[in-house]
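The two complexes that follow have chain A in common; it is paired with chain B in the first and with chain C in the second.
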Partner chain A sequence: MRTRTPAPRRRALTPWLFVAPALAYMLLFFGYPLVRNVVMSFQDYTFSTYFTGEAPFNGLENWRTVFSDELFGASLWRTLLFTVGSLAGQFGIGMALALFFSRRFPLSGVMRSLLLLPWLIPMVVAGTVWRRVLDQETGVLNEALQALHLTSSAVPWLSSPDQALLSVVLVNIWIGVPFNMVILYGGLQEIPAELREAAVLDGAGPFRSFFSVTLPLLRPVVTVVLVLGFMSTVKILDLVLALTNGGPAHSTETLGTLTYQLSFLRLDFGQGAVVGNVLIVLSMVFAAVYLRANRGGVNR
Partner chain B sequence: MHPHHPPPPPRHRRVRAAACSAAMALTLVGCAAERDPNVYTIMNSGTDEPYHSWDQEVMDACGDRAGVEVHQLSVPADQLVPKALRMASSDSLPDVISLDGSDLPQFAEAGGLVPLERLGLPTDGLTESALAFGSYEGVYYGAARSVNSIGLFYDADLLAREGIEPPATWEELRTAAAALTEGDRYGLAISALATEDGVYQFLPWLWSNGGDERELDSPASVEALEYVVSLVEEGSVSPSVVNWTQADANDQFIAGNAAMMVNGPWQMPVLREHPERAWAVAEIPVPAEGDTSVAPIGGEAYTVPVNAADPGREQVAAELVACLTTPEAQLDWSTKGSNVPLDPWAAERYRDEVPELSPFVDQVSTARSRTEHVGTEWNTYSQAIGTALQAALTGRASPQDAMERAQEQVESQTGGRP
Partner chain C sequence: MSALRSGTGDAARPPGATTRRQRAPGGSPRRRPRTTRKARGDAVSLVVGVLVLAVLLFPLYWMVNTALQPGASAAGLPWFPRSLDLGNFQRAWESQAGNLLTSVLVALGSVAVCLTVAAPAAYALARFRLRGADTIVFATLITQMVPGIVVANALYNAYVGLGLVNSYLGLILADASLGLPFSIVLLRAFMVSIPEEVIEAGMIDGGGRLRVLVSIVLPMSRNALITAGLFTFLFAWSDFLFALTLNTTDAVKPVTLGIYEYIGAHVGDWGAVMAAAVLSSVPAAVLLVVAQRYVAAGISSGALK
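Moving on, here comes the complex of A and B:
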């Protein structure tokens, strides 16, 4: 009676069995929608498709229409501005706070947990509240600024096309700082104190010790923070919808709101898929950067 | 209340269901669920109380009359169309859908709705506006229970104190709004969002002036936009209106930050919570005395989706629709929900019972449907108008340029002037 598979074959099969559930999950929930979205961008996929089941292929028509719309180029540019601005602010302030809290002082734990609060607030709630705060006439912010005589007239935070994008970036920075702070703080705790002490003994000032000791050792953590931050920022939708709805006069329209508009308001799912694909490509570029950076870390 | 005990499903049905779920897991295509022959589903957007319970009462009564049980499926208004589309792709649409008037053409165009006349609902007793509201390309698909429009709400105490008559023309509105602007208070609040909220509110200016969504660059259309922009430029309307929803405009009015506002009767539940503000309603002012105030008509219509698998159900669904939209049902619903009945008998009774809202009855009688001329393309027009409105209000473009751009945008997306 042969009941046992030859050992080498079984050994070859075993890893695959472990991988199989994850692989099946990935294919079903990531692979399928991804492929579907790419295919959809070459189809005339509209309202009636849902009834007739017919979505004729129309070649590059969707792509041509989207790319020739000046709103697309403007949205792409604004998405990049928004992402770079948000990341710079979130990371800069997050890093400063992380460094600040890595020194021990009374009540630092309490303050650190209080700073986490914005992270716990759902994006739509934060957006709705900030929309009230930033209102030109009745907003708290303008009232405060005017009471302190910091501005002579009310700032049109969200009602001027020249100002609105900056305001959305500022709110997004407020939302993103806790995440950056927590991860960077965690990373700082991992760096042995002796290294910095040694640097100080060797005569390094605070700046030198930060840039030559702390930052290089923190590199893997910094990469993770920036890549994750990029991915969650580049696809921004809910915050913009709650704050400005892409307005005024499209001045805060991003790729995320554009794909939402095309797919769910104009009900042209083919064109919406085109913009969605552009977002996926953008994210993939940064995912590749992330993987490369991580590989570098392991090899060292 | 409904002692129906359906027999256990026959074996082949169970096997089919199992096969169906297996197929679904493999290919991710939806499957039509087997329907209980005694249970009918009506989908609407009545998620809020007390509307949901009021609806359930009416539906139960109509179900009793038709001898079936009625299940009410309420989804938030902005998710109704996406949800219905998903259901359509899996052949599992409910028996009746209460569709927003501006969404009806697309469902009809896709062949998803049954003409109500074919199901035995007569159209000869209907008013012209009721017929127009529920029709697409001359075929009647949707029976409305009540409709609404927008009007000019004003702070009656304040106007009386200042000795200002409710404005009826554009000039009167301009003068009144300027006179009522004082300190933190603006004369008028509107919504000028680029979405349907703001576009809906722009239409009365456009239409009453003889402008038209199909001729956005015509002098009459441009003049309408110039008028709205001038109110903001003169300081009688807050520049923040580019970010205000209609609910925000209502909040500003209630808070006393605006002496008047353009809004609809659906704000009544919130207004009633603030009895300290003695409001009244007038029709939206017209360009000159004697002009007709033309506002958009809004509301939902009961439609019967095509049920290819079981056409017999369409018949019962039509009975339910007929029962839900009788003149008595219209009056009852309109009185409770502060909407306007379409039936002439119900409308007259409504004037007596809710006199404070009777301006809406007048407004509705001259109101126009957004999809009357442009049908399924309305969303394209709406986005172009919203963009023009915001571009002009924020000073990005002159009203003339903004409307010319809007016209170009519409023509390039729909392939020419309709």
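Moving on, here comes the complex of A and C:
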């Protein structure tokens, strides 16, 4: 027999039953890994751990080893270069395209959605395609550059340690432009056209009206785009593995690939966790910026 | 196209809510004498747009072009296929068909798990005055900062103990987590704007909260559910990291992992590799054609709400 009005206590509990599965899920798949990585970074994982499951605590040993490894410092530096370079390119081109498309013209809608493709296909696939395009001997890019006499010899896009990181950044810019474009375009649509028209009437040129009217009004959107971009770029892994596997000569190794190498190729999960923790700290700094920028935006 | 023109946020809004984004077509009367100039401007924009598209989409064209031609591995490949040759696709299909099926199963499973968990939570966060609801939404947003490799690091070790390494269930659960925060935030933003009267009417009819969710809120949230589902599918389909780290055998191998191993093993056979790349881009292309307005809407609302 069901009662029509449940007892007050039951009523207070049922709402939580709706949230509980999602909360449990996020605790298990995001909260637990955060804590576990901190713990793991103080444990000694060896090959035998693989069979016994036992990893004794070893204090700061992992941290010391990782921090004294030259590869770590170099990877940290490259990760920052990679992130800053990618964000600058993605944002610059994305903004230019967003402005271009906000002047609507025939077929502009179709074009905008076609431009999403590089972002929608799996990153590993994008990396594979570019590996083909950038191939030193048989790639179409070198072929075209040489045919146009822009370079005299084939550029070793992915095969020279001096060039590879820049190439990976360029490919990542290509992947990230659509995301930046769509969000900035959405932000631009929220700015009343009258405001820009008023600026033009007041005699402001296109640059002036962009920097003194559009950009300030777009600031919250810009912050969100950059911070989301930072968080997804700093942990880059798929693309690097598909393009260069971190090589040649570790020249494209980032904190993401280093974590993977340490944990899953060397099976030293302790040292991998140390690098992972550094990645988390980097992201946390920017998450703080994100939350500050987004404060109050949640209830919109 | 008309759907795209009306702005990017439609799918994340209930049918009743109006947007004020549409600008009056043709501009103000003041501009009317300048129609020829506008037409010329349109033509210039169109040409520039086509050029931009040609440059940015060239690598994808080259992928298709390479996949369609025999002898694709050498330099000097013709810029247009002269005849249709499906030999590359045949070799790609032979090696990747099973992996494609795995990808489909894992992605569908992830969508099912993700929406089942996200929908009730989004409903509760949107409509029940829960204490701490804001904190939970905040936490959901912050999860985006946890790097996948960090999750994989811990998850692998937990999975070893649970026997979930090399299992469909393990990969599905991990991949569903990729779409969960996005889905909760998106669905919640939508459910907030469902009129209170509709829900009250359902409660008065004697429905419990679950009943109201299933028979009133979910049907009304169809668009948001589709958007969340599409993105979760794409996230799971594109996943490489979890596939790479949570599997040590060939038992569960999605196509992203398949392609990665394939280039390692068949460096010379670019034709087949590109054909496999084309096959694994199909869902993204299909989604763009079939559901373009949901895709654009999802990207903006997921990031901005």
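Simple rule for what comes next: the second predicted complex is superposed on the first by the 265 of 300 C-alpha atoms of A that agree within 3 Å, B and C clash if a C-alpha of one lies under 4 Å from a C-alpha of the other, contacts with A are read in each partner's own complex, and residues count from 1 in each chain.
The rule is simple: contacts are C-beta pairs under 8 Å (C-beta built on N, C-alpha and C of every residue); 3 or more make two chains touch, one makes a residue touch a chain.
As the structure is a prediction and not an experimental result, all values here were calculated from the model.
Three-chain overlay on chain A, with chain B and chain C in a clash. Of the two partner chains, chain B is the only one touched by A:244; chain C is not.
Legend: residue contacts after superposition of the two complexes on their common chain; A:53 is shown touching both chain B and chain C. Look at A:279: by the touch rule set out above, it reaches chain C but stays clear of chain B.
By the touch criterion defined above, A:155 lies against neither chain B nor chain C after alignment on the C-alpha atoms of chain A. In the superposition on chain A, A:183 contacts chain C only, with no contact to chain B.
By the touch criterion stated above, A:95 is placed in contact with neither chain B nor chain C. Look at A:76: by the touch rule set out above, it reaches neither chain B nor chain C.
In the superposition on chain A, A:226 contacts neither chain B nor chain C.
Measured by the number of chain A residues touched, the leading partner among chain B and chain C is C. Judged by the touch definition given at the top, the superposed model places A:259 against chain C, while chain B stays out of reach.
Only one segment of chain B in 6-14, 78-86 or 330-338 runs into chain C in the superposed model, and that segment is 78-86.
Residue overlap on chain A between its contacts with chain B in one complex and with chain C in the other: 32, 53, 131, 137-138, 264. Residues 4, 14-16, 18-19, 21-23, 25-26, 29-30, 32-34, 36-37, 40, 53, 97, 100-101, 103-118, 120-126, 128-133, 137-140, 143, 174, 177, 179, 182-183, 185-187, 189-190, 193, 221, 224-225, 228, 231-232, 234-235, 237-238, 241-242, 256, 259-260, 263-264, 269, 272-273, 276-277, 279-280, 283-284, 286-287, 290-291, 294, 297-300 of chain A are the ones that touch chain C when the two sit in their complex.
Interface residues of chain A facing chain B in the complex, by the touch rule stated above, are 32, 47-53, 131, 135-138, 156, 158-161, 244-251, 261, 264-267.
For chain C in complex with chain A, the residues that touch the partner chain are 1-2, 4-5, 7-9, 21, 23, 41-42, 45-46, 48-50, 52-53, 56-57, 59-60, 62-63, 66, 73-77, 116-118, 120-121, 123-125, 128, 130, 134, 136-158, 160-161, 173-174, 176-177, 180-181, 184, 189, 206, 209, 213, 234, 237-241, 244-245, 256, 259-260, 263, 270, 273-274, 277, 280-281, 284-285, 287-288, 292, 295-296, 299-300, 303-305. Those residues of chain B whose C-beta lies close enough to touch chain A in the complex are 28, 81-82, 85-86, 88-89, 106, 109-112, 184, 186, 193-195, 238-240, 242-243, 252, 255, 257, 376, 379-380, 383, 387, 390-391, 393-394, 396.
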